[in-house]
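Pasting the structures in now, so scroll down.
Paired with subunit B in one complex and with subunit C in the other, subunit A is shared by the two complexes that follow.
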Partner chain A sequence: MKILVCIKQVPDMEAKFKIDGAGTWYARTDLAWRMNEYDEYAVEQAIQLKEQEQEADITVLCIGGEQVKETIKKALAMGCDRAVHVAMEAVSSLEPLQIAGIIAEFARDQGFALIFTGMQSQDRGSGQVGLLVAEFLTLPAVSTVVEFAYEAGMATVRRELEGGTRACVKVATPAVITCQLGLNSPRYPTLPNIMKAKKKELRTIPAGELLKVAPRQETAKLFFPEKRGGGEVLEGEIGELADRVIQILKEKTTVLS
Partner chain B sequence: MEFTREIYWNVGRSWWTLLPMYLLAAAAIGLLIYGMRQRLKIYRQGLPLVRTDQWRWRLGNFLAALLLQKKVVRPAWPGLLHGFFFWGFVLLFIGTTLIVIQADFTEPLFDLIFLRGTFYKIFSLTLDLAGLLCLVMLGVLLVRRYFFPPAGLQSTPEHGLMFALLFAILVSGFVIEGARMAVTELGTPLAPWSPVGLLTARLLLWMGEGGLLALHKVTWWFHLLLVVVFLTLIPRTRFRHLFTTSSNAFFADLGPKGKLVSLDMDNEEAESYGTSRIDQMTWKDIFDTDACTLCQRCQDRCPAFATGKPLSPMQVISQLGEAAVSRPGDDLPATVGREALWACTTCRACEEICPATIEHVAKIVGMRRSLVLMEGEFPGDEVMAAMEATEVNGNPLGSAFAGRGDWAAALGVKPLAEDADVDILYFVGCYASFDQRNIAVARSFVELCRAAGIKPGILGKEERCCGEPMRKMGNEYLYQTLAGENIAAINRYPVKRIVTSCPHCYNTLAKDYRDLGLIAEVVPHTLFLAELLASGRLRLAAADFTCTYHDSCYLGRHNDIYEPPRQLIRAAGGTLVEMAKNRADAFCCGAGGGRILAEEKSGTRISHQRLEMAAATGAGELLSNCPFCLTMFVDGVKGADLEGHLRPRDIAEVLAERLEHGSDVAPMDTTSGGKQ
Partner chain C sequence: MKSLLIAESRQGKVLGGSYELMAFAGELASDTVMFLVGSKEALPAYGGRLYLADAAEVGDYNPEAHRELILQVIAEENPEMVLFCHSSYGWDLAPRVASALGAAQVSEVVALRDGMPVVPVCNGKLRRQVQVATTRRVFTLQAGAFSPSAEPSGTPEVIKMAAPAPGRVEFCGYEQAAVGGVDLGKASVVVSAGRGIGKPENVKMVAELARALGGEYGASRPVVDAEWVEHNRQVGTTGQSVAPKLYVACGISGAIQHLAGMKKSEFIVAINTDRDAPIGEIADLLVVADLKQFVPLLTAKLQAR
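And then the complex of A and B:
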């Protein structure tokens, strides 16, 4: 059983973001980089599936410059078997359709029974890549998965829907799964696995070989939202204050409805 | 008359006496040696470790621990009971040896009798009183153990056997003496030189000469038999502490105090890290378990145990010992219990008091290493998140690494990358860099430096967490990664002197980083400030206040720095009201050993217990020297309902408030190269 996990390296969200010189993306200076949170769930789920289906083989794929190798190594240390680094420095210039195109181009005819991706990336957050990969490969896709079980070619998953409801979906493999928070708790790599990861196969493919999709979108401008008015400080008697708070909550929120 | 006695009186010096006696003695010693060799096999399961270097120094430690009972008599109660018993027993041993030398060597070979005259009188009186001392001490110890046992003291049948045997040996000794004196010495001028023997003789007088002779002979052989049993039991009961506990002082870790062994991370052949099985410990770790006498002094001082957590340092040592003896294949973290392992704050209270020189903390960290490095386990998700945050941003708080020096910008303190011409490198640490409460401490420290004409520089965004909490939690890999980055950053600049305001950073840089290539001198801020004060560079306008002072574990027990912080407090006009547990006996705040990263889920809060001790002094201020302590106390005063009654602060903050702002403030010194 072959499994593909697609991961992305993103900046840590605690950083102070600045707009880059072109004004179309964030500047890369002074950022700390890590694996996209949702992709960690994808990696973890793939490894758990391998632990269940002993003969499975997990390939992890990441698109980006030289520095994404650090994130790839983490996935290998967690338990992926081999890695593909699609090399491209200016990866942020690609739109989701192109990213999906690259992945699909790589995955086509490789016989992956399952493709796991995060449900979205923490930086761009388009939530499209996994589903577009499925579309390119004409595979079924289930998004925002929070529970996953697999038995004999059939995946039984639960999806998270609006308002906390869930849907149970059964899908025959091959299929694409996009992973949501709550699916699992990603493991901490053990030291022997970190050591082993250094020796695992890491194949680099220039993005040009796989990028066959022309762009259809253009990011015109990236900007911080305008600052709206700050908080309102209420002063007065406690009873009166409470009444005013209730009034505000009724007018401006739905918590009391 | 000649003051002496016939050694084989009544039992006779024929081969009928000597042969069985020599055979029994030889058998006893043979069984003793055989038994100790069997114990050696247990220790040999462990990995090699050199603990015989600097042997003269070690020998001194050994003799001080053994003959002076240096560690045992601290605390005096009940330590002195053991001390006096030991000293009495040593005198009896010397006395018996002298008898053997005379009766079996010098007299038959050279006709030399030295137990005579005044020497014999002193000999007789000394042994008599030594025996009495032993009996009394043993009696008090027995009453303590069986009638007024301290909480938690466990007594096994083995204890009963040991008491019975020692009592029997001492009492039978006096019976032999009494019976002999009743027949030969009563009424002579020699009798008062054995007061206890004299009393026994008078008590036995009713038996008449025939009865006394029979009693003497039977008791003589019985006494001999008891001693033989005693010798053979040494390796087979806790009597072995005679050898193991005393020699463990010889094998002590000669320091630096509490420094952990750095794991070799480059060895790609290594298949396991940390300790999960007995054969992954060193022989000394196993020997430690045999040196333990279950005195429970460690348990009585353990902050985790005191707050109802499932950790007792004594139990850990016992469990490891049992595994080493009977179940060497056991998974040690499971044997000891994960909750117990995670509960340790590495405060060192156990090691500091242990009369057997046992190294508890390194064993616990060794097992944590196995859990973290081999299993990827942590005490909770919050700890794993802190580890991951540190991997990404170099601090467990998860703050953006690039903002690490932001606090200093307004003060004009620059990173070395911008200006490396400084007097000291201030290694700020994570809490003073990112935590609002502790940033105030960093500001105070910078103000004090400025006032003393010291120009500090920082690493800013080049600084990472020192790695101490990660290392103590068992994450040696992350620790060494962070340490490597810090050392590389420091070595990029001509740094001669590093000052820390966190004792965890201090301990780590000053001791642990030495293995990884840090050369610069490292000083904790309290020592540095005390130095500035003593040299007159730092001038304070003292203003009276009353406070209590909390010795952080890593400045105190781990580095023995107790007085300089107190000098600073006094210089600021402070009147110190000490807590009952201070200096080496100080009670941890609960944040050491990486616990700062973990939620305290079991038992009551360690910080609350310490805050109650501080509140009991009646002083309104609680001064400390550690950002972890300060954080625990600031959070703790709310939970312990002491807000408004107790104000936790760092010493530097109090000093900064009392800076003398006069015309004679020392000018900023930008020329000196660092060292004062």
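And then the complex of A and C:
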């Protein structure tokens, strides 16, 4: 059984973002980079499936510049068997359709029984890529999965809906699954596994070989949201801050009376 | 311009987001037609033409069949724009439809600027204005971003649609999360722990602050996913919605799905080390501090009163 996991490298969301020179994306300097949170669940689910189906082989795929290799190595250290780095520096200029096109072009005719992606990325957040990969490959897809079980060519999953409701869904493989937060508990790579990962196959393919899809949209402008105003910001020594907060709660709310 | 509004129904009820699609089309002065997989017993309050397939035959979740029906309506009506809610139903279906149409899809539209859709980036810290290159376009709209200005009304002219062949994804039924335990909705003060608490031991300091303020403690989703706090204390779209007199967010960044569950609170205090955290956009008071020092100190001062 062959499994494909698609991951993205994103900045830590606590960073102080700046707009880049072209005004269409965030500047890539002074950021800490990590694996997209949703994709960590995708990687973990693939590995759990391999623990169940011993003969399974997991390929992890990531599109981006040289620096995404760090994130690829993490996925290998978590337990993926081999990696494909689709090399492209200006990856943020691609729209979701093109990202999905690259992945589909790579995956076509490779016989992946399951393709796992995160349900969305933390930076761009379009939530389209996994579903579009399925469309390109004419595979069935289920998005927003919070529970996953597999047996004999059939995946039984739970989709998360609003307000604590879940939908139980069955789909025969091959299929695409997009993973939602909480699907499992992503493992931390252990030191021996980090060492082992260094010997695993990491193939680089130039994005140009796989990019066949033209964009249908582009970013006109990236900007900061207007501050809503009204809110007060308190900074300083914490003892004084606490006194100030209590004073404000007394003035503005009824909870301390 | 003409827009096709993809309304939503679950378990026989039309969902409120459907009316937000009308509000958005209204802002663009677009003509509309509507599509719904639902029930003729529960029609949306809509005065236009409604293409209706029976949920009892098609299923609430049957994406390939729903796509097929939507494509039939599009062939009939030829709309330039197809609008979905950015919901578990809409974000699952929209890419399938956009792909079949060869249309651009823009996800989670929050506003229009110079006639172009604007979407959030990086957990709401940034906004992106998008230029669409195709004539036909598919948008999903963020919940709550476009509100109907008046109470929706009207009775639709219904065009019944026959159920297409079932798709490859089989829907087997709903499960409701176990309810019971705490009802955060009743508390006058809710103090919530976010991922910024760092470790499970720190839930206690948040719970103690809640007690000192005479309220209950809640949590953001990562804290619940990590099983540091039970699910029935989760605040947000996939948890509970609360509107207490005072909401205190400790180490919570302010993602839209969290805000949806607490932004109606009367007074909001956020405690965060990041001065630019999006929670600051809706907080009445943002305390820039490390919660691990600040929360116990505030609790002690409240107890000493």
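By definition in this document, the second predicted complex is superposed on the first by the 230 of 257 C-alpha atoms of A that agree within 3 Å, B and C clash if a C-alpha of one lies under 4 Å from a C-alpha of the other, contacts with A are read in each partner's own complex, and residues count from 1 in each chain.
Please note the rule applied: contacts are C-beta pairs under 8 Å (C-beta built on N, C-alpha and C of every residue); 3 or more make two chains touch, one makes a residue touch a chain.
Just so we're clear, the structure is a prediction, and the values are computed from it rather than from any experiment.
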Ask   = When the two structures are overlaid on chain A, which partner does A:Ile246 contact: first (subunit B), second (subunit C), both, or neither?
value = second
Ask   = Can A:Ala22 be said to touch subunit B (first), subunit C (second), both, or neither?
value = neither
Message = Just checking: does A:Arg187 make contact with subunit B only, subunit C only, both, or neither of them? Give me first, second, both or neither.
response = first
Task = Give one of first, second, both or neither to describe whether A:Trp33 is in contact with subunit B, with subunit C, with both, or with none.
result = first
Inquiry  = According to the stated criteria, A:Met195 is in contact with first (subunit B), second (subunit C), both, or neither; which is it?
reply    = first
Task = For A:Arg159, decide between first (touching subunit B), second (touching subunit C), both and neither.
result = second
Task = May I ask you to name which of subunit B and subunit C touches more residues of subunit A?
result = C
Ask   = Is A:Ala90 touching the first partner subunit B, the second partner subunit C, both, or neither of them?
value = neither
Task = With the two complexes superposed on chain A, say which partner A:Ala149 touches: subunit B (first), subunit C (second), both, or neither.
result = neither
Task = Share the list of subunit A residues that count as touching for subunit B in one structure and for subunit C in the other.
result = 14, 16, 185
Subunit C-touching residues of subunit A, taken from the complex the two chains share = 11, 13-14, 16-17, 19, 26, 95-97, 122-128, 131-132, 135-136, 140-144, 158-172, 181-182, 185, 215-225, 227-228, 230-235, 238-239, 241-243, 245-246, 248-249, 252-256
Ask   = Considering the complex alone, what residue numbers of subunit B touch subunit A?
value = 268, 270-273, 372-378, 381, 384, 387-388, 391-394, 398-403, 461, 477
Task = Spell out the residues on subunit C that touch subunit A in their complex, using ranges where they run on.
result = 10, 60-61, 63-64, 87-89, 91-92, 94-96, 98-100, 102-108, 114, 116, 119-134, 167-177, 179, 188-189, 213-215, 221-222, 224-226, 231, 237-239, 245-246, 253, 266-267, 269, 274-277, 280-290, 293-294, 297-298, 301-302, 305
Ask   = Taking the complex as given, what residues does subunit A use to touch subunit B?
value = 12, 14-16, 30-34, 185, 187-192, 194-195, 198
